[in-house]
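Next up: some structures, all given as structure tokens.
Here chain A shows up in two complexes: once beside chain B, once beside chain C.
The block that comes next holds the complex of A and B.
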């Protein structure tokens, strides 16, 4: 951090302590931004307590769901948001992982433990990601978006074409998560456990992706977005980095897909592969603020809470109309994203320009 | 066997004409403004539902007009909606391709959900413009509606062709899609050209909607397949090229008919995607197009 910074208040000194130790890894923050992050983290970590105190236990389910979607939105962000190669078919990755879990449970052995199916499913997402990325990343601009979009449609169709295996419209049951951790039995039948099983991977992935995004790799990805020719002229193989960003995105997409599969308990095309799901992921990232990793988390929580808790007043279909209308308004009037705006307001509030997303 | 080949050739020709209609509107909008209009499928759906409302007594009882007049209404609905979409939304955001891409897709999703609200999610049957079927002598049977769709589509394409190659107004559209700056320097009013292109593309989409809605289905998910088709066709034909769209529409139309005949409708789009990927990798500019250039 810069030397001309005036420190003031206990908040700033805590934030400075953070900046000195971790600032170079995750980006520097000022006091209000630090407070926002720690505050949100605390609210999320003790959510089971305050939801039961306030008598809104059902909210815990929504927050668990939002955590999963936050993983997907961040994963989309590290690839599309950072490189500017906008993928419109990311649900294929999470859907691929979810379907792998479903196929393993349904056709190999229904008693396969979660700790076996989950890694295989994430690996499947990775392979699918490579299959899509290697040919399509040679393309640029709208062509890339287009191929990913069509890939999503085809994958969706194939689940119906092979309905003998996939269960078609109705999908396949996968059951809940059950595994042993340090001698204790963890099962997502219990809402509180389920919440933490969804929240903890989200936080781990957030830290990992933030680290990557603030590292040299993240810099190169942003540089590719801004001026790919210049990056290539500097002797950097841009295709390699673009494929890496896709791989980096496929892994959390796979994790999110597996969690989502066990959250719903059933894997079907509607909840996993419909075009709307890919667009929802993008909408969350854009509403929160693209290429910031933290923005998409905020976007995911906002969109899911709106969808599940608030917009229900418009009816089953009406809530979608309302949700998409909100997304459209954000796109037109706040295209940099709501949480980026908030972040910058907090940034101006404090004295240093830390935690810059760009 | 001969009959099977014959009906394959005929069915393919019929459906391809409609595909060409869809793709031309999509490619014109891209050619003129560089905008990929993902609400194009939504406009097709609007055309189909517009037709449903005015021709069928099952929706609005006192409003039942002859199907031919309904066709005109469908065109008008598509055209007005498309024009409104451009003037009301796209014009303000078209400087950013990503936002435009996303916003038009969100518009399509909103239209689809509104269709569920208004007409429920179950498919509806459209009043058939020309019931019955003809042929049969050579073992080839064609429904009359397919013939009507084929003829009307080609008439529309012919009119459009005349408009963009023989009239000044139309030629300014063509000029804009060749070089925006060049067209501007020769005195072309860019905003009005763009708005007019959206109007025409919307009309074509509305028209195609009636035929797609009759031949396949009229439902809130009907926007998706035509959109994917328009995509694939336009890329294969070369983005911005009308001629390329027609050629590619026939290529894809026949490929799909063949796939559906041999493998079943579940694989309808799969091979089109394979062709798309090959075309993109081997000649990304398409059959008749220019390569995508950043300006």
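The block that comes next holds the complex of A and C.
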């Protein structure tokens, strides 16, 4: 199953080189799959160049936003997609982190540096995640989903109930990201810098989650989804692993929440805690392909680019109708997700090409 | 050849891609490419672009957009701005701060607007404030009235937020003061002394909830009932019966999120003996009479511009007529308060940049700000002057007062017989007397 048996072209040999070194960590690839990954990565990494060449500088903003949502979609995936315990309230985690940043800036010290507020906010997301996970993950079936959904409603209303602290519907301004890196001032005011500040964490989180997903932990999470009784019968504490999945999910959710807070510059209930936001995260993961980590990234980029750049032809509100129709069509006709389909097509193609990937 | 780093707008076809002076392209290659492109394609066109943003799906935003277009058309019939043709670039905020920020960035970076006018929903204004401050584009607020708009920004960090102004309406701290003047007028007129106060449970009503009851007590009037209502209230029976139980002569209600139609219907059915006053944003729409099937009768609301029912200045009538001629068959058939303020803002901007001799905000924002501060404009909604940098509400439009110190640029309108908007206060502007239902 590894490189020695393969007889493909140069693409295959590069892919084999990867498989030898990293295949056991992140999963093995055939040539076309490898090409897709490296190609996408290259396109993303040099996006400032080609967007400016093509005169579509505004696309850079959309890609930055898509990077943040990709983080959220992946984070949802490692918990809900892998364990099958579907969370309808994940925006609570990102929103919790965003509101932590906002409250620190508003009520502690407006000059707190990003490098202080960000870790505290991610920690807050983790705490909120545990508070929701510990009691609710003992529940089965729809009850877990309902608990997460209701948690979302509670957090949304809390922002109004404590509007003296949270600013109610107005929210709280948090400004942009500014920090020093190796002596250079980094600020997300500049569109190119902003793009990389959003892209790099997304890539790091993708690698980390892929590693976890392909590890034994990931295998147990999938096993829980497929047959929780069997996992329990094997002497594994499934609740512990489900809580782990929530922890694994909460941290990137927190990172995504913090980035989104500074991307918008304002933290408010509408853009952060409304239940729609949770559903959007799910839609992205499902469109891309649940329980694959890479699928949700593709889903997030597809959904955000469609919403911001393509579906605008249907008008400002009509594009939402169009977008949800697209999601519905994917659910009906490509339930496993568009990018999983693409992945498998590439897998087959590689085989016909001469590479036998398994 | 134009150069990005100096911030001179670069043009590509008809859309301008403006890159701010503080912006530098991180990737050197990208920078070189963009500069080359700009050099090849760039020849700055002569248009002045007025950016407008508002909730275009709502009457308020649509009326504002129409008014902006009207102002731009009128300018183009004359000499434009600085003898250059003017173009309107309008964007829909959808009342969503995130969407609005996207739209604003596009207007500034792709369309290359020279000024941004609008924002009705305060959270939208809040959402784009930091960005607008960073790029220095002149920003004239014409819809949202929350004082934090200037007190949290211009007053806090003048140098950063100096490009933000509000040309109307007067902020809600001042509106609360205006409301007290109006309460005294009602007290004189009818002998009403007991008032109830209910408001949307939303940040925009806080200046009223925080101040108005105290102000009323200060002038010897009683506040007998106070309540806040969650947005989306649909059962009005307990609301009205509480006001009635408290023996209020009139209720000041402040609704933008809630639509008061249900309240009016329930009030009429029970013939409750209190009048309905205050601010009702949905009720400001000229279509509200039909939308509410006449239930609007007797309700009042404050609104700048007085829905065109009063000749506030010599500009009011001609503006309303021109609007009716152009858009009278559309919805909204009147500009609504944001329309008045938006229309005025276009001219305020024109006058200021012509005095400044420049629209180049990236290079000359200080000059433009200085000239905006010099504004003394007779607008359709009233006389427009701004508070100075060191005052309580820097860059906010000043309230105008009469000889008795009564605020005059926040008039009150009432729905009267046959669905007519009448201006009932202040008295020197009134087009009709304030009326009360026969059961009162």
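Simple rule for what comes next: the second predicted complex is superposed on the first by the 346 of 358 C-alpha atoms of A that agree within 3 Å, B and C clash if a C-alpha of one lies under 4 Å from a C-alpha of the other, contacts with A are read in each partner's own complex, and residues count from 1 in each chain.
Following the convention adopted for this analysis, a residue touches a chain if its C-beta (ideal position, glycine included) is under 8 Å from a C-beta of that chain, and two chains touch if they have at least 3 such contacts.
Computed from a predicted model, the values in this text were never measured in an experiment.
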Review point. Now for A:160: first (chain B), second (chain C), both, or neither, which partner does it touch?
Key: both
Exercise for review: Could you say whether A:317 touches chain B, chain C, both of them, or neither, answering first, second, both or neither?
Suggested key: both
Review point. Looking at the overlay, does A:86 come into contact with chain B only (first), chain C only (second), both, or neither?
Key: first
Review point. Just chain B (first), just chain C (second), both, or neither: which does A:48 touch?
Key: second
Practice item. Kindly classify A:113 by the partners it touches after superposition: chain B alone (first), chain C alone (second), both, or neither? Key: neither
Practice item. Counting touched residues of chain A, say whether chain B or chain C comes out ahead. Key: B
Check your understanding: Which positions of chain A sit in both the chain B and the chain C interface?
Key -> 160, 163, 317
Revision key, fill the gap. As the complex stands, chain B meets chain A at residues 36, 89, 92-93, 96-99, 101-103, 105-107, 109-110, 113-114, 116-117, 224-225, 228, 231-232, 235, 264, 266-270, 273, 276-277, 280-281, 284, 292, 294
Point to revise | chain A residues touching chain C - in the complex, by the definition given at the top | key: 46, 48-49, 52-53, 55, 57-58, 61, 160, 163, 167-171, 173, 175-176, 189-193, 196, 264-266, 268, 270-271, 308, 316-317
Review point. Which residues of chain A touch chain B in their complex?
Key: 84, 86, 88, 135-136, 138-143, 145-147, 149-151, 153-154, 157-158, 160-163, 275-276, 279, 282-283, 286, 315, 317-318, 320-321, 324-325, 327-328, 331-332, 335
Practice item. Write out the stretch or stretches of chain C touching chain A in their complex. Key: 12, 17, 22-27, 29-30, 33-34, 37, 56-57, 92, 94, 96-99, 101-102, 105-106, 109-110, 122-123, 126-127, 129-131, 134, 146, 148, 152, 201-204, 230
